[in-house]
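See the structures that follow.
After this come two complexes, each holding chain A, first together with chain B and then together with chain C.
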Partner chain A sequence: MKSFSHIYTLFLAVAMLLLSSCVNHPDVPSSSKEAGCLPAIFPDYCDVTVPCNIAPLNFMLPVGEFSKCVARLTTSDGQQQTYGKGVKVQIPEQDWHTMLNASKGKSIKVEVWGQKEGEWLSFNPFEIYVAEQPIDEYLSYRYIEPSYAGWSFMEIVQRNLTSFKETQIFNNEITMNDLKIGQCINCHSYQNYKTDNMLFHVRLSNGCTVIVNDGKISKVNLKRDYTISSGVYPSWHPTAKLIAFSTNKTRQGFHTLNPNKIEVYDLESDLILYDVETDSVSVICNDPDLLEVYPTWSPDGTYLYYCKSVPLPEELRDKDIRSTYQKVQYNLYRRSFDVASHDFSEEELVYDAASHDKSATLPRISPDGRYLLFAEGQYGCFHIRHNDGNIVCLPLDDSDAVLRAQEGEETPSDVDLSNFNSEGMPDSYPSWSSNGHWIMCSSRRDDGNFCRVYFSYFNNGKVEKAFMLPQKDPELHISLLKSYNRPEFMIEPVRISVEEFSKVF
Partner chain B sequence: MKSFRPIYTLLFGVAAVFFFGLAYPHHLHYQEQYQLFLFDSAYVWEIVRLPGGVADLLGRFCTQFFLFAWVGALIIGVLLSGVQLLTSRLMGKGWLYGLSFVPSFLLWLFLLDENALLGGVWAVLLTLLASWDFDRLPSGWLRRVLLVVAIPILYWMVGPVCVVFFLLQAPRPKGSAVWYYGVFVLLAVLLIILSHHLPVPTERLWFGIHYYRYPTVTPVLLWAAALSVFVLTLIARACHKWANASSGFVVTLCSFLLVSIAMGCLVWKNSNFKAEKVMQYDFMARHQQWNRILATIKAEKPNNQIGVTVQNLALAMRGVLVDHLFDYNQNGIAGLLPDVESDATSPLPTAEAFYQLGMIAVAQRTVFEAQEAILDFQKSGRCYKRLAQTNLILGNYEVARKYLKALQKTLFYRDWANETLPLLGDEEAIALHHEYRSLRHSTYDEDFFFSDHVTPEMLESLFFSNTDNRVAYEYLRAYYLLTGDRESYAKLLLRSVEQ
Partner chain C sequence: MINKSKVSGAIFYGSLLAFILFVIYILYINQETLFTAHDRSEYIFGAPFFHRLLSKPFGLMQYVGAWLTQLFYEPAIGAGVMMVIWAGIFFVGAKASRLQGSSSALMLLPIACLLTSIVDLGYWIYIYPVRGYWFSQSVGYLVMLLLLWAARCTSRKWHLVWYLIAACTYPVLGWFALLFILCLALSEKPTWRELLGLLLLVFTAGIWHTLLYSNLKSTDVMLAGFPRFKTSLDCSERLSIPFWVLGAVSVLISLCGHYLERPKVKVFVPVLCAVAGIVFTLSLMFRDHNYIDEMRMVRYASDDNWHEVLELAEENKRPTRTMIFLKNIALMNEGGLLDRSFKLGYEGVGVKNPDSIHVSLLNIASPLVYYNYGMMNEAIRLNFENAIQVGFSPFYLKMLSRCALAKGDEKLVERYTTILHHHPFYNNWQPAPVTEKVKELLDCFPDEISGTENTESYIVNSISFWYESDRKSASEQALFYSMLRCDPRSFWPSMRNYVKLHMDERFPLHAQEAYIIYMDKDPEEKRMMLPVEEEVYNRYKQFNATLAKLVKPGKTLGKVAEEMRSDWGDTYWFYYFFGRQYTSVVGRKDNEIAN
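Take a look at the complex of A and B:
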């Protein structure tokens, strides 16, 4: 019995130690030297505007330069708390959400002290503005090494944005039955931010498109005799059981010197419409000389927006695309759609990017239909590999702006996205939250190679400073050797398990 | 005469150490380069969260020491001896003693395969250890309760090999068949429940997640080794009186020698010394042992793809490729710079050649693709190091920093990472670094798309970017000679003289 009491005491001591190590409320340094600048925290959360339901914005000071960090957070109602352990500031979720609730429509003041070579420095305080509008509760993305042609383990996961919980939707291991060819999973897509109707592609081993229709899983082959490939980039119609896809014959080139490293280009691409209920595929447009890609529906489903290349100059048309790829540019078009007859109208130009020597891709219409967000670079269709790739926003309700854009005048954006875009690093794959108040992109801005997710607050055409997807351990985004690929907002989680998905194969 | 048994075990262990240290060292190097053990809680959690995770973790931890073949050989020797000792204890005494070496020899046979993972050996060892511990418990309710508790714990620690534990516990205590069969049912139920919750293929929950590098292959030899322990204990119990009747020194020695000679011959016969030679070339290229390569090819001309690639690289590094090109076996231009295949092994020597030539972006891609092709999705210390170097040379310092930060969490690459980190962004220091300065100087000065197939234009562009690049000059001339392009060869000579 005596030995048991020893074990019990030891267990209690360890438990207490563990509990005490979970939350640390250090004292603010009694004396410090003023640094006279904002702290160089990672991620940079200085003066950002965040949703009222976001997970804690944990951050850290640079390891090596600093040995300790203390942060004092003060809400507008005067509540204060300090955090800091080592160089990291990790705020418990409950504390954080209490602070957010108290600061809705106001801000949280953050004071940071850092210990450098034994001396405490106090930095200029900054604010975290708390918007009244929440962000969609879930985000899904694919984890993948920023690869060339090969890949290893990949998974599509969903992250609860109000916490740090991350769960797997599918992986490329569970149904891979041929190691020699491997398996690629990609292009997860949802209807109207909901997950009862969704899809993702499985390529090579056990290749198919997995479609969830009102919660029922099936696998389909979208390749038809008259299409150049199976479905590639998808977009669910917001109300009908219809999915617009591009079909692509895609190739890659690898640079020897260009910092863009990899070029992704299409030899051919068309648009198709897939009817989920009847398993039928119809062609939307398939101009043999031009490339149509990246379909996306307007929120009311009455228009299909997409990108289409402009004809190459006569002298370049018969040349190998490996020598002409820098001349391939895309404009934005749209066609009106009759959901009853499935008929599309003639196309109309929405944005003439080529006229000012640019190429526009990945259009996304805001949920209120007032704004058009897209990625733009100098050429091509894969701006996440282009250092000049940026996100552009056009107001669609401003007919003058659209007209100017159509006429190719120098109006790349009526909405100032300088707070959202990075300088000289690829930003691409933009999207809107379901309430239209948060815009998101995938960006290589931190190192030029590994994609991270950035959000910005959007309110009536005004865009606030972008902030990185928060993580429990702020160092994760420094050490993680994977990219966040194709981030998509969802208002609910995918409830189907990996194992249930795997049964469809 | 029991006191001689440790000597037999020692002899066996020493034999294993010498075998792996002398005859099979490059298999150990090969194993090491396809994993990256990180002293990082997230990494450890990723391993131990799956069934068999503890054995896998121990296997990976030990495999990092394979960078030094003799240390690796010693680890294997100790593990195999441990399995033998435990088998011997489970079997009891008698002239069947020699058979207690059979499971260890089977594991030795298993480890001859370069894709066999040490985690499998650890799984067998831990299973036997658990069984031996249980044997010492007195019969009764406590033993039965512990048996039930041990089911999930042992399964989680070592994976499905733990079935041997339950087989070994079967006959004892007598009359507890309900418990005995109950644990099997419990294990089966556990696996079925797990298969619904773990994102891994169900069959791997039944046959092992990380015993073998090919996830879809069931390692028959490993299972044979594990199950043989049970079979041997059955034999030992069946022949209990008869076997124990004669346990003298000579009988024990004879049984040891008989099994050792028979199984030893089997091991030798099944050893893949051709693969060992190929791995040796890869190892020498990795460590840039150009003189050793030249000495090796002089003794025996390589006749395999990797050997020829490495041979030509060493000749070029010493500036004698063209002079001695036809003294050795060639395989056309495929022996010079072979097309990059989508596997984890063959591209690495080619990537080394790309790197030494100054084709840094090409080397980076080749190494990256090789690492992605590792079948059990592990990472590679060798590849991380080269990815850090190529990113540093190309000026992608933040990307290089990520790889270096990861290497800082390793035991044997930490010092190198610590030395390299200060170079990032320090242009002056890089300009003084002999390797990086020279490779920066040797690389392309114009951009183009490179392909998987090396063309003379790629080598020409490289050489004329910097005519001091003698490795490129050697390769280009060799390329023309191997393709019989005398005209281009003559033009090159003329042009290089003019320059």
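Take a look at the complex of A and C:
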């Protein structure tokens, strides 16, 4: 009898455990007081437009303020389901994707109730619009603390955007053989959103550039006698085995009072072209007085866009960069490229940011070639550290607009990105999904310190409200004390394991 | 026979009691260390921290250890839990090794090793990057003993299964899984099963490296969880000794514990074990008065309890440089910086540590110091630089939260406090309001681009240039730090600004002393005339006369300083002539001729 009672207790405990791990479908509160406003959910997914294949948009109410949260999701075909456990709403992937499929081109209605001091409040319902266009299935980024001079563990990871699966591409420990100098990994880059041609840099201990060429891994040293450094910011040519790099002598300083806190600037920078097949490096431009940086190819590979600094006033030219950094501004240029001869034409000005007392960086052309996306701030080349850093989008097919831009007139009828940008917080590193319907940036908008990834729906120059990369546990965005660095879309995962990469060293 | 048994029992329980009292005493005298352990130990609720730890073998133990370390917020509670774990180790270990009666006292030895491992760290406490160190080894060892007990309760034919189970638990138990295999294999007469067990022991880590941890360096998988004390700058073999001894003792107990069952030997085992344990702990324990005082001072300063900081400063005659800075901040907040600072001492001694590790104000209290001087960007930077290396522990989260509050970054405050609220003892924690002093100093200096400076002299130099500020606090700090620099170029503008902003206020003693000596030694062309007390001026004349009398060719500065210290050590003049030699030139040979 005694042994039976033990078995019974054990069974009960296991059953309870299993039940507790099951999805909770709570009842909608029978009575509640109307709050008369939208819920202050985190992340803010109220009235956003999402891809038809995105992972569940889990969210939560503020922990200290509310004790419980219930959400009822209703699809356009009338299917309803409630979710909520504690203050969090976490929707099972299967349920969510069924709802998305049913709501393609329509919306999901979300009603939220929150319990505050024992009383239920009902908030104004909001919609989640489901676009018919999917987003690229994968995203890769580097996890790094918003650090200053020091760093510790670093990893480049890839995330499946249709689920929450995240796997490591590479980390900075497996091949580090000198703890004293450490190792930094950065600047992962892919050819045409695909991963059989890709690269990333390894700095300091075992320093090199790891290049994957048709799935074959090699490590190369891009430093030549005639370049100022090895390759830094890369851009794969969309069709040829060519990579444009900037070469930089980058420094950083720390503000003693300014809220921007960190200033990153180049003492020198040029552009080079690396031929993967022949392991040869040629110089694209290397004006000794000016700084060329952030190369990016047009989707058809016929143009190379890049940023170039404007000459400093005569009286500032010989001064220490720490006193002139606020005067350094970059314009956007391009050169046409002949893929057969590897020849570049003369440069042409695309956007005269300096004439608006601005500095433009990190250009990216939309896959259809119609739009130019870039980051802009008042000065400098590192807007992710500038509170005035914003993303700007110019239509490239509007030849009048470009002409006006070249002539330094007011900003051409640029696309309204007010739904995409934040107010007074750094937004930078913009990019396009492969179908051109989703734009992405890295932003410190949540608290001014930790970068998170934001997406917006882009359709014929119309941009919808940005939404944060969804997570299984919405609180992860609070407890993760790292930044998402250099988010890049991919249409397929990197299939090479960390160990395989490490064998190249 | 009965008497012998009673004597044996009395010796056993007496030894046990003595050892328990010793453990309690050691934990009691280290309670400040235990508090600091919690304050500098990272535990972050949520998936990122959990997954980060679990991505390596022994990660679960580290996670459990990191959570339990938070209990040291109340050192008595943490120490109580630790002692319960050790009691478990004692009883389970005795059962697992089939030690009976007096010979079970052998289990005091592993406990002594674990006790030693938490009191021998010294200044490594500020720089050790391994999460959950404080509890993970004890918990891991207890789990290993539980497995060993279970294994030894089963028939020998099942031992092979136990070897396999142990190999499977390697991701959880790390090196303790290997220790389990070794202990189980050696506790029985060798057969083919034991041989297989030992083979498994050799290959377990390698197998797991291939199966699950191929994204880690093989050296990080081998002997996972075994504490190694290595950072980019420092390395210590000494601190690994308790763990090597723990492993060795465990193996020896398994191998020959039963030999001690013989009555003649048995009687002495408890005494020998207790004494050996006590001697071992005492010989490796880190003891330094400043180490504890410094921790206490940091705790008080973190709570803005400046009165207690000053009490400690008054008690301690040979403070560290960190203590000097905290004392100066306490005087700024409590008042009397320019009246008492030189009386309270200014000769900072370096930290004393057998490993000669690179620990300074930077690691111990730099964010706290910069925060209180209103140098918020630097405070935030140093918080990050440190926390990235050693973890976002409560100390750094609290400081980051306070800095964010001072900068008006409410969302950041919310983030850090939300994380802290998941800690067992911080569920209602909120950053203290920004004090008026800090607010006053917040923007009293212009923005500049600085580098990665973080030394003590950077603080001194930076603040000595605040002489253009119109804030009273800033002018007081500028004057004080320009006095410390002994640099007339910053002293005179600082003095002028101070006087301008402190009209109709008493002229502080040390400021008078400084004014007199600079007027005498480094006057400006256009002299600033200030009234000084006659008594102070007369004392300066006496100081000069004494100095002139003692300075003789062939006599070193140090010798003169020692002769003058008792009468003049509390004056700025003494610092001006002798103090800098000790504070700014480390290791300078005392061979300069004072002439």
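Here, the second predicted complex is superposed on the first by the 487 of 505 C-alpha atoms of A that agree within 3 Å, B and C clash if a C-alpha of one lies under 4 Å from a C-alpha of the other, contacts with A are read in each partner's own complex, and residues count from 1 in each chain.
Operating definition for what follows: a residue touches a chain if its C-beta (ideal position, glycine included) is under 8 Å from a C-beta of that chain, and two chains touch if they have at least 3 such contacts.
None of the values given here were measured: they were computed from a predicted structure.
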item: A:267 touches, of chain B and chain C: first, second, both or neither?; value: neither
item: Which superposed partner A:449 touches (first chain B, second chain C, both, neither); value: both
item: First, second, both or neither for A:482, with chain B first and chain C second; value: second
item: Touched partner set for A:255, first chain B, second chain C, both or neither; value: both
item: First (chain B), second (chain C), both or neither touched by A:283; value: neither
item: Which of chain B and chain C A:322 touches, first, second, both or neither; value: both
item: Touching partner for A:149 - first (chain B), second (chain C), both, neither; value: both
item: Chain B versus chain C, judged by how many residues of chain A each one touches; value: C
item: Common interface positions of chain A, toward chain B and toward chain C; value: 145, 147-153, 168, 171, 173-175, 179, 253-259, 261, 263, 322, 446-450, 478-479, 481, 497-499
item: Footprint of chain A on chain B - complex, ascending; value: 195-197, 199-201, 214-216, 342, 359, 361-362, 365, 368-369, 371-375, 377, 379, 396, 398-399, 401-403, 405-406, 443-450
item: Complex contacts: residues of chain A adjacent to chain B; value: 145, 147-153, 155, 168, 171, 173-175, 177, 179, 253-259, 261, 263, 322, 446-450, 478-479, 481, 497-499, 502
item: Chain A-touching residues of chain C, taken from the complex the two chains share; value: 44-49, 52, 129, 214-217, 220, 230-233, 375, 377-378, 380-381, 384-385, 387-389, 392, 407, 409, 411-412, 414-415, 418-419, 421-422, 443, 445-452, 462
item: Complex contact set, residues of chain A against chain C; value: 63-64, 145-153, 168, 171, 173-176, 179-182, 253-259, 261, 263, 322, 325, 446-450, 472-473, 475-476, 478-482, 497-499
